[in-house]
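Presented sequentially are two complexes of chain A, the first with chain B as partner and the second with chain C.
Here is the complex of A and B:
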């Protein structure tokens, strides 16, 4: 009985102490700027400030190093411009060692190029309350103070670092490899264009999916059915959509020659307008502008599955003899390809989206894989000048293969056989890329 | 009450859309037209609220950013397509947009695809172990796949054989991707069936 009573008293004491501690923890946040703990250490001028290299300006990089005892602390960074103070970041883990004062979607830093800025760090053991954040940017805060405290904790304040100015860079040296690659590509394109102009014969291998274009258009004409051309859900700035529009031009020309009908349900109004122009020009080129009907190239909706539902319904009602799926496709690819398959249409698909290509391979008669689609317009037209772009691209592929083989050899001799010289070359090659 | 009506509408429209699996029918047509109409209307409002107003009207009126009149002009001339005599003006906007897309695509592809892909393929081969075999397989796969996309020579002889190996690698990758995506789609189907079974039928039986 006595033992139980002691246990009860002990429990009550513990509960009381716990409640008291909680009350203390959730207590008021009365500021006490004069409270200085003797146990705190001087942070000094701990922030290293620099302009962010290779950027367009408007950004400052702030770095710091701390001893291990402070690595679990939180850090808050204050920026001062004249008398105006701003919280740049709060409650970051001090061990992160870096933060950038730049514009982001969540935070408009508004760092101005050429303006002098000063930065101060505040370290705290726990997250900083809004009252303290407000206090840190108020005019009455003495930036010379080493610490401030509230009822919960002591805040360590570093010496102010600065001044630092941001500036825009003329060149982003990190993208030097991109510049060199672009120059090489441009040079190769111009070289092969010149060679083609001088009459050099250029070759393009057989692409089976494209040989079927004529067959598909002819079959639809014989069956008295229209042709449906689906450009996917890309915008006119997407490369696969541009490639799809180029192929549309070639297909439309054949359609006009066969005097049949082409339907182009569109996802984006600008793509629709562009498609109208492309088809109109192709019909005119084929000498049949009278057959062109701009209402055959129509807008459906800009919602992915709304578009899929609309095109599916159209497929079932119009029953096209051939369906072309050329452009940028995502999750709607199989829905469209399956419906086309169910109505017995001959289907020729093409996209650069690797996640959607398997569905096209499974559900369509012919599939243009990635770059085959880009080469398609050249293949259909076989214009010597346009063939030069394919030849230039192929030279780039050879260069890539050579770099790959060099990497393979260095990978064996360097990290594999531990020959220091090759190891350095291997790391240098990776760094350049 | 509003939730109950919402669940009934959602369940009804789900079944209408699924009726397409049997054949085209008036229920599917109704759901399709409703869906297309609502989404077209929604995107009109969305474009106004999230593009035209915050990115064009507000900056011009409130911040006096008159430079935005230039892109606005290009947008407005797209509407000249309604007037055949001046419809050629819309080609300026189209040419500008397509040109921007193609131009950005060049550096975007180099920076976003070619160089990172090349960097990820240059791998160390450190002795006879599984990691080396794996790295070698990646290098060999990329090499043969690149050969498949070589267009300037006929694929016969050694080139043809290498391209065939490349095509095999592509098909294996497609198979893996197909299986992965089908699994994701099945989880979507489970979500719909769960809704019909528990939210809709369950609600009718008061569960």
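Here is the complex of A and C:
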């Protein structure tokens, strides 16, 4: 009995000493090297490499899949180009499953197109120390090794994957839907243009805001007051500003016919120069080039609220009888419209900014909502060729409404009522769009 | 005629089509082209500022010469323009703090340049002043708009009242479900209406762009059909 007790004590002491020695060797962590070693066999060539599709080159996509037991591990990716090694990413969560090796603004030749690259993954339970990172890119590292270790942990090294080359694409397939839509609308536009040329009558509905242009100019003339035309704070590259300039041409012609004065305070010098040309041509067209004064189309400032203050001041001094706000407006919209209202001017506004529309509706007499502004040039000119664009827009709107309805029905039957067939169709529609 | 009308139309058409193609081509050649066009735009814009300065000086000197009402303000504009340009150029090229330190030994150098000083302590407060007017204008515009004159106006009034009350803590105090109601109004009926407008706007923009590229819309060149 005593002998057995001594043997038991001896065994316990030995076991304790062994486990203590193991803990000392692993730096006091709870690492179980046997568990990691058992995964070593399974790492293999774990990285799937591919060129990033639809990009301008200089990018490699690295994907991996690991079993759940390794999902909390950290992953470090090493790239090899000939004998040169580089750390692409370190201490990523292995569960992330993907990383991209791409060029950046700081390093535009990080990944060179046409060059062969090889990638290796290193898995670790804890964050990788700088010493190990340096070791991983040094020449003496044997890439065939399956594990390396430091005082803290064991690192699993995958087989090298590759080669992979990056290349630039000539077409972005992700934008195929946009291209198809552009082709459809261009086709419709050209079709209706052809029909208009052949004499087909195209209809455009009444836009009261544009019908009021003549009334506004006439009223201003009767009162002996000038007209103020504000193009907002857009640039000449903005379509709403171009639409505003088009309407300016028609308004200026009316102004010249009524022999009154138009003031155009500008935010951008290019817009100012363009507006000067537009007004000058309109006055010439109306047969009154003598009435044109270049200084009536003036530059204010390119500061949003400075511009608002300048225009407000001008409104209060000049007291225009009509104020046109046509273009791109942001936070200054209500400041301008309310000042115009306070001086009793008839106000016709138009913008594509949905956030500013309620302000214009509240403060102005007439508001051109979104597309009405784009249609203004067509409406004012009543040119059949120009009307073709409105007809093409309407057909496109019908197509969009049909797609929306299909999406709505599929959305209810698929994700809503969980009917698998419709769910698949719904996902397909989302993917296409 | 060719220089004034045909050439600009050809240039607009060419660059319009090239920019559309560029949108679909991710190749570096396409990106280089796009960046080059952007650089050209910056250069052209820089020159147009000279025209802006010329316009400002011409307008205000005319006002001063003719002694029109409020001509004194024009004088303030021209003096401010001159001073800002002066300190802007000196601040960038000659570091005036060093010059000032030589002239005035007691002068302490500052990390804020004189031009930045005018921006931070003059322009920004003035901008904020004008921006703060918006609160008062919103109140006056809302007061005029929210009158139950018709069914539509009443709908607007009721919705606005619900949204306004729901957006302040008082709304939640009155009824806990208020924030959810507001969220629903903004997320569904409001968003649906906005998207309807936006679809029309985008189609209008595409149509206008096509008209410019094809040379049908040429009003932006000044006059003519």
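Rule of thumb we're sticking to: the second predicted complex is superposed on the first by the 276 of 433 C-alpha atoms of A that agree within 3 Å, B and C clash if a C-alpha of one lies under 4 Å from a C-alpha of the other, contacts with A are read in each partner's own complex, and residues count from 1 in each chain.
One rule holds in what follows: a contact is a pair of C-beta atoms (placed from the backbone, for glycine too) under 8 Å apart; a residue touches a chain by one contact, two chains touch by 3 or more.
Nothing here was measured: the structure is a model prediction, and the numbers come from that model.
Looking at the shared chain after the overlay, A:70 reaches neither chain B nor chain C.
By the document's definition of touching, neither partner reaches A:419: not chain B, not chain C. Of the two partner chains placed by the overlay, only chain C lies in contact with A:386; chain B stays clear of it. Of the two partner chains, chain C is the only one touched by A:246; chain B is not.
By the touch criterion stated above, A:291 is placed in contact with neither chain B nor chain C.
Judged by the touch definition given at the top, the superposed model places A:185 against both chain B and chain C.
In the superposed model, A:375 lies in contact with both chain B and chain C. Legend: residue contacts after superposition of the two complexes on their common chain; A:175 is shown touching both chain B and chain C.
When the shared chain is aligned, chain B and chain C each come close enough to touch A:306.
Across the two superposed structures, the residue set of chain A contacted by chain B and also by chain C is 175, 178, 182, 185, 236-237, 239, 242, 270, 273-274, 277, 299, 302-303, 305-306, 309, 317, 354, 357, 359, 361-362, 369-371, 375, 390, 393, 397, 400. Residue ranges of chain C in contact with chain A, taken from their complex: 20, 23-28, 30-31, 41, 44-45, 48-49, 51-52, 55-56, 58-59, 62, 69-70, 123, 126-128, 130-131, 133-134, 137-138, 140-142, 144-145, 194, 197-201, 203-212, 216-217, 219-225. Across the complex, chain B is touched by residues 175, 177-178, 181-182, 185, 202-207, 235-239, 241-242, 270, 273-274, 276-277, 299-303, 305-307, 309-310, 312-313, 316-317, 354-355, 357-359, 361-362, 369-372, 375, 390-391, 393-394, 397-398, 400-401, 403-405, 407-408, 410-412, 414-416, 426, 429-430, 433 of chain A.
By the touch rule above, chain B contacts chain A in their complex via residues 17, 20, 24, 28-29, 31-33, 35-36, 38-40, 42-43, 78, 81, 90-91, 93-94, 97-98, 100-102, 104-107, 109-111, 114-115, 118-119, 121-127, 132, 135, 139, 142-143, 146-147, 149-155, 170-171, 173-175, 177-178, 181. The touching residues of chain A, counted against chain C in their complex, run 54-57, 168-172, 175, 178-179, 182, 185-186, 189, 193, 236-237, 239, 242-243, 245-246, 249, 268-270, 272-274, 277-278, 280-282, 284-285, 295, 298-299, 302-306, 308-309, 317, 331-332, 334-335, 337-338, 352, 354, 357, 359, 361-363, 369-371, 373-375, 377, 381, 383, 385-386, 389-390, 392-393, 396-397, 400.
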